[in-house]
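Here come two complexes built around chain A, the first alongside chain B, the second alongside chain C.
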Partner chain A sequence: MVEATVHATFDVYRFEPGTDATPRYDRYVLDLPPHTPVLSALLKIRAEIDPSLSLRYSCRSAICGSCAMQINSKSRLACEAPIGPELARDGRIVIEPMRNQPVLRDLVVDQDPFWQNYRKIEPHLILDPRHPMPEGRENPMTPAQVDRFKETPRCIACAACYSACPAVEADPAFPGPMALAKLYRFVVDPRDTARQDRLVRIQTDGLWLCLRCHLCTEACPKDVRPSERIRDLKEMAIAAQGATEPGSRHALAFKENIRDRGPLNEMKLARQSMGLTELVAQLPQGIRIWRKKPELLRAPHAIEGDDEVEKIYDALDDHRSSEDLP
Partner chain B sequence: MKLAYYPGCVAQESGKELDMATRWVAKAVGIELVSFPSFSCCGSGFMDEANEVLNIALNARNLAIAEKAGLDLLTICSTCQGMLTLANVRLGDAKVKSRVDGALRPLGIEYRGTTKVKHLLQVLTQDIGLDSIRAKVTRPLDGLKIGAFYGCHLLRPADELGWESAEEPHSFEDLLAALGATPVYYRGRVMCCGFPIQFVKPETASRIAGHQILDAKAHGAEAMATPCPLCHISLDAYQNRAEKAVGEPLDMPVLHLPQVVGLALGASPEELGLPRHLVSTVALTAKVGARA
Partner chain C sequence: MLKHEVVVVGAGLAGQRAALAAIEAGREVAVFSKLHPLRSHSGAAQGGINAAVGKEDSVDTHIYDTVKGSDYLGDQDAIEFFCQAAGPTVVEMEHFGTIFNRGEDGSLARRPFGGAGFPRTIYAADRTGLALLQALWERLGTEEFTLYEEWDLTSLVVRDGAVQGIVAFDRRKGDFAQVAAKAVVMATGPFGRVYGRTTNAHSCTGDGVAAAYAAGAALKDMEFVQFHPTALMESGILITEGARGEGGILKNALGERMMAKYAPHVFDLASRDVVSRAIVTEVLEGRGFPGDYVHLELMHLGKEKIESRLQEICDFTRNFAGIDPVTQPIPVFPAQHYMMGGISTDIHGATTLRGLFAAGEAACVSIHGANRLGGNSLLETLVFGKEAGIAAAAYAVSATAPSLPEGGLDVATAPIRAWSRRTEGEDPSVLRTEMQRVMDRYVGIYRNESDLLEGIRRVRELKKRFAQIRVVDQSPVYNLNLSDALEVGHMLELAEAIVVGAYARTESRGAHARRDYPVRDDARWMKHTLAVRGPDGPKLSYSPVAYTRWEPKERVY
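For the complex of A and B:
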C-alpha cells in the first residue's frame, strides 16, 4: 500500500552564538506521511538536506526526555508529536529551542539552570542515621503511601514544564515546576526524615512565586501535573510552619477573610496580607485605583447564611493540610 | 434562558463595571439573571492553598444553592469558573466527598453534583450563539484590532475544565469577529497575567503582565479584552506598574468581555462602566462612534 503524504513546511530556528549575529529561520519542505513524528522529520532534514542542524535526542520513544523543543510555540517532545495535526492547524511547523534556557546552538539549549534548580531541592531520600534500616530488610511502604506520589516518578526531566513556565521566564528565583514536583515526592515519602526542613526551606526558596497558571501541567508529556503538586506543597508548608512569607500570609489571610462575611473584603485583605511598610508603599497605587473605584474602601455586605459558612469552617478548618488527612 | 448569577467578589466591589456590563448584555441577549445573596467567595485560588477541602466545601455550598433552585450557574470570572468547576471535579473523589458531606449535612445542605458551571463566554458562544449575537450588533467594531486574553483558570487544566482547547482556544476570537472586530492572535493570549503573585512579588507580577501586553501590542492589538476581572486588575489597574517593569509605555485599553459585547450592541460607555478604568478607553470608543 502506498501511503498518502502531505506537503510539510518546516521553519527551523538556526543560531550559533558567537558566530551568527542574530537567529534566523531556515525553511525546509518535505513530503511526509502525516503521522511522521516531528523528530523523524528533523532527522531526515539533517540526513538528507542540511547536516549542520543541531538537535538533542536519544531514545525516540518518549522515555529519555532529550528531544523537548517548541513546536508551533508549544513545549513538547518532538518524538511523539506527529506533523499532521500541526500542519492542519497552522499550515506549517515552526521549530524553536525550548524557552527559558540559553541556546547553545540551533535547537540545543544549556540545561544547567534547570539541573541546578533540581539539585538544590536535594532530590534523594534523607534518612535518619540514628535509625538505620533493620538488617536484612528494606524500608517498606504501604500501597496507600506509595499512591501519594504515584505521578511524580513518571517525570522524565524533559524540561518542557520549565520551558512553558512564565514564572521561570520572569524571575530566576523560581525553581521551576519540575524541581517542585520532585520536592513534593520526597516530602510525602514516609521514609524521608527531612520533611519539616524541606517545607520550611522552600517557603523562602521560591515556592510562592508559582502562578498556578497550570501551563506546566498542560506542557507535561507524562501527566505529572506539577501545578497540582505545587498547590499541595503550599498547603503542607503552611501546615508545617504557618504563614511566614508574603505568599503564605496572603493565602491564610484570604481564608480568614472569607470566614468573616462570605465575600472577599479587598481592603481588609490587603491589610491582613501586608506588613505596615508594604502597606504604606502600596498607598499611592491604592489611591490611584480608589479614585476610579471607590468601592475599594467599602466593606461588602455579609452574605445571607454567613453562619453556615462559619460552621463549615468550624468543621473543616483544623489547621491540618488536606493532603495529610487520613 | 435563566441562570443562577454568580458575579464573584471583584465584580461586586472594585470591578463593579463588569457587573454593570454583564447586566446590560444579559438583558440585550435574553439571559435572565437570578441573584442569590447567599453565595460566598469561590476562594480565588488562594484559599485552597491554605485549605483545599474547606474551599471545596464552601463551593459545594454555592453549587447546592443553584442546584436547589434548579439552575445552572453563570460566572463572569475565569477564576470563579475554574474554582467552581474544579470543586465539581474534586467532589468525584470519594474521600473528599465524604468530608465535605460531613460538614454540610448538619446544616441541612445536600449537593448532588448536578450544577453545571458556565462562564459568560461559553453561554454567549455556545448557548446564545454567534448568529444570534451578530444579528443584534448595531455598532459593529469595524476593523478594531482586539487581542483576547483568556485567563488561566478558564482554560487549564483542560482535561478537568473540559470545554475548549487550552493551547488553541478560539471561542473569544470567534465572538470578537462576530462583533465586527479583528481578533489578534498572539502567544500571550493563553498566558498568565501575573495577578496571583501581586501580593508576593509585585515587580515580577508586573513584568509578567507587561510581557503579555507588549506581545499583544507587537501583534497589532489596539485593545485587549478579558473574561477575568483579576486579569483586568493586573492589565488595567496595575498597567502603570507593568510599564515600569518592562521599561516601555504601554497605553493599552483593556475591556471586560461584556463591555466589548455591549459596545457592539449599542450600549453607552457609561452604561458599561468604561470611565472607571485606569487606562482611558475614550479614544477607543470614539473609533467605533460611541461617545459619552
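For the complex of A and C:
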C-alpha cells in the first residue's frame, strides 16, 4: 500500500537542566502519512536523525500512560495523536513537555509530585476489621454498584489532566484532578469502609481549590471526566459533613444568591462564604476592588423574571432528590 | 553500596505479586523497574483471567483445556497446581480492590474465551490487566519496600554458582550500581520486541531473561512464540480475544465465515495458534483483502454491547485505525503476542541458578507448553509471582551474605562504557530494526529449514555488528540511546535462542508450525527444549514433560 505523505515540521523542545542555559526548539522535517501518530514520528526522529532526544513511551496503544506531552499546546498522549489534523490546523507540530512538572530532560518530566499527590489520598481499600471480607469468595457487587465508579477505572495515570490544570499551577496544596478522581473511585467503592473519613478529610485537603474549569476533562484521553467526579465529591462532602469550609459555604452561598435575585451579590457572597476573621483579613483586597470597580460591591437589583430562576432551581432540586448521590 | 535481602526485577503483576509475597514472609524487599509500576505491560492485557468458579465449570475442565491448548507440552503437575490456585487468586485480587464486571446476582461475570470448554474468563471490561495492576499496586503501596523506578537491568552477579546481586543503571542519574541481594526474582516480562510486528509494548525487551541466560541459567521452549490472530492491520495493536468471546466473527474477502473450515465445532473461539494459521492460510491462498488481512466483524453485536464490553477496543480502532467497529469491520492480521518460552523454572519459580527465581512471562514453568490459552497469562503472573516471592524469601533466610567482587562494577560495565567512547559505529536502533525484520521474515507463524538457517545466519551477523555499536548521546540523564543499546544487546541473544530452538525442533506443535515437518511427533519431540548460553550461541538439551492424567490426543477444535 503506497500512501500519500505530508511534509511534517516538528519543533521539539530540548532542554537539559544543569547543562543547557536555556531550552531550545530543534526543528525536524519528515515526510509521513497523515495518520501517523506523533509518537511514531518522534521515534522515527530518534532512530534516524537524533538518538539523543529523550521522552517516555512504552505501549503505543494509550494504555500505559507514559507518553503524555504537550502537542501544539494541548496535553495529550503522543501515541494517539495523529499528525494530520495538527498540521492542518497549525501548519507545524510543536512538541513540549507536560506542564506543572519540572523538566528532567527534553520531554521527560519529574512525576514524583504527581505520584505523591496520588499516594496522599490513600489509594487502597481501607477495611474495618470488624467487617472482614467473605472468606473464600468475592464480595458481592451489583452491576449498578459497578456503574457508580463511572469512568474512573479507566484512568491510566498519564497526568495529562495534571498538566492541564490551572489549580495545580496556582496552589501546590491542590492534589490535582487524577488524585481526586481516584479518591472518588474509593469513596464510591462498597468494599471501602472509610467513605465518611475520606470525604471529611478532603474538604480541608484541597477539594475546594478546584476552579471548575473542566480543562482536566478536556485533556483526559480516557474520558475519566475528573471535573465531574470532583463535582460529585463536593456534593458528597457537603452531604457527609455540611458546608463547613469556605469553599463549600461559597458554593452554597453562590447557589442561594442566584436563586434569590438572579445576579450575584458579591458582598453577600463574601459574608456567607467567609467567617468574620477571614472577612477582616480580606478587607484590604475588598478596598482595592472598591476603588477600581465600586459597582462590583453594590447589591444588584433583582433581574426581571427572577421568579423564573427560582422555578428552575426548584425543578433541579426535585430532579436531584429523586436521583441519589453516588 | 546498595544491599537488599530480596531484589525483584520488574514491577508488572508477577514482580509486584512476588514482592508482596516476600514482604509478607518477613523479608526486606527492593523492586527495580525500568517503568513506573503502573506503566508495566501487564496493564495492556485486555480480555480477562481464567478461573473455573462457575457452577457448571470445574477445575478439571480448566486443567484439561490448558493441557490440550498446550498441545501436550505443558507439564501436567504444574497445570494442576495452577488451575487449582485460580479461584483463590481471583478472589484475593477482588479483595485487594479489583473492579471486575459483575452478573446481576452480584457475582463475578464471566465471558467465553478461545480453547475453553466453558465461559470461565473473569474480566473488567476490556482492560482486565489494568484493573488488576491498579489493585495490586495500590495493595502493595500499603507495605514497606524500596522502589527503584526507571532503572535498567544490565546483568546478574554470580559467584560459585549462586546469585549475589544485580548490576543496574539509573536512568535518571546515569549511574551504574551493583546491588547485593541474597535472592533475585526476575519478573521482567516478555521479549516480543524481537519481532517488528508485535502487540507488545516497546519496553518488552526481555532484559531479565537475557541477564539470566548470560549468567548461565537455562531457558526453556524458546521456539514457541504465540501470534495473536487479531492485531490491527497496520500498527499491530491488540484486539482482544474477548471481541470474539463476545460474538465477533472473522470473515475473508469472499465474505465467508472462514473459521468454519478450520474449527468446525467452535469456529472463531479455537485456540490462538489455530486461528492465526487460518488467517495466514486464507491470505496466502488469495482469500484475504488487498493489503493482506481479513475482517473481524463486531457490527452484529450492536452498539450498546460493543461500547460497554469493548470500550477500549472502540477507542483503539477509532483512534488508531479510523474505523468504527459499530458500523465497520476491523482489518486484522496476526502479530507476535506472547512468549511461551522463558527462564526455566519449577512450580516455585526456582531456576537452574541458585538464588535466582523467575515468574510471569519472563519464566517458563511450563504451563502453556506449545500454545497459551487466552486468560491464562494474567493468572500465571499472580499464581507464580506469589510462588516465586515465597521461594525467594525462604531462600534468602538460609543464604549466606552476598559478596560482590572488588572492582566488579568496572568489569561488568566496561563493554557498555566503550559504546559511548566510540567515534564511529552503528546506532543500536539500526540493528534493532534489522533484527525485527529477520525475525518477522524467517521465524514467523509458518517456518521451514531454509528460512530458519537463514535466520540463524542473519541474527549471528547482527550479533557481530552489535559488538561495534556506538552510543552517540553523552548525557547522563535519561540517555535512551544507552538504554536502547542495552535492550538490543539483550534481544539479540534471545532472538538467537528462539531461532536455534525452532531450527532444531523438526515437528509441528502448538505455535511452532514447520512446513517441512507438518505433524506433531510425540515419539521424538514430546520434550522441553533447554538452552544454555555457550561461547558459540545456545547449547540445546532436552527434558521430559511431566504427565499426570491426560494422554496425548490429536488436537481438534
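Just so it is clear, the second predicted complex is superposed on the first by the 266 of 326 C-alpha atoms of A that agree within 3 Å, B and C clash if a C-alpha of one lies under 4 Å from a C-alpha of the other, contacts with A are read in each partner's own complex, and residues count from 1 in each chain.
Criterion: contacts are C-beta pairs under 8 Å (C-beta built on N, C-alpha and C of every residue); 3 or more make two chains touch, one makes a residue touch a chain.
What you are looking at is a predicted structure, and each value in this text was computed from that prediction instead of being measured.
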{"item": "Touched partner set for A:R229, first chain B, second chain C, both or neither", "value": "neither"}
{"item": "Which superposed partner A:R148 touches (first chain B, second chain C, both, neither)", "value": "neither"}
{"item": "Which superposed partner A:R198 touches (first chain B, second chain C, both, neither)", "value": "neither"}
{"item": "Touching partner for A:G305 - first (chain B), second (chain C), both, neither", "value": "first"}
{"item": "Touching partner for A:R14 - first (chain B), second (chain C), both, neither", "value": "neither"}
{"item": "Contacts of A:P263 with chain B and chain C, given as first, second, both or neither", "value": "first"}
{"item": "Touching both chain C and chain B, counted on chain A across the two superposed complexes", "value": "none"}
{"item": "Interface residues, chain B side, partner chain A - complex", "value": "9-10, 12-16, 37-41, 43-54, 57-58, 61, 95, 99, 102-104, 106-107, 109, 152, 156-158, 166-168, 187, 191-192, 194, 196-197, 199-201, 204, 207-208, 211, 237-238, 240-241, 275-278"}
{"item": "Contacting residues of chain C [partner chain A, same complex]", "value": "35-36, 38-41, 43-44, 88, 90-91, 94-97, 99-108, 124-125, 127, 130-131, 134, 138-139, 141-142, 172, 201-203, 235, 237-238, 291, 311-312, 315-316, 319-320, 322, 427, 429-430, 433, 471-473, 475, 477-481, 484"}
{"item": "Interfacial residue positions of chain A with respect to chain C in the complex", "value": "1, 16, 19, 35, 37, 43, 46-48, 51-55, 57-66, 80, 104-106, 108, 111, 115, 119, 123-125, 133, 136-143, 145-146, 149, 153-154, 156-157, 185, 189, 191, 222"}
{"item": "Complex interface listing, chain A residues touching chain B", "value": "73-74, 89, 166-167, 169-171, 173, 208-215, 217-218, 225, 227-228, 231, 234-235, 238, 245-248, 250-252, 254-255, 258, 262-264, 266, 273-274, 285, 288-289, 292-293, 295-296, 298, 300-301, 303-306, 308-309, 311-313, 315-317, 321-323, 325"}
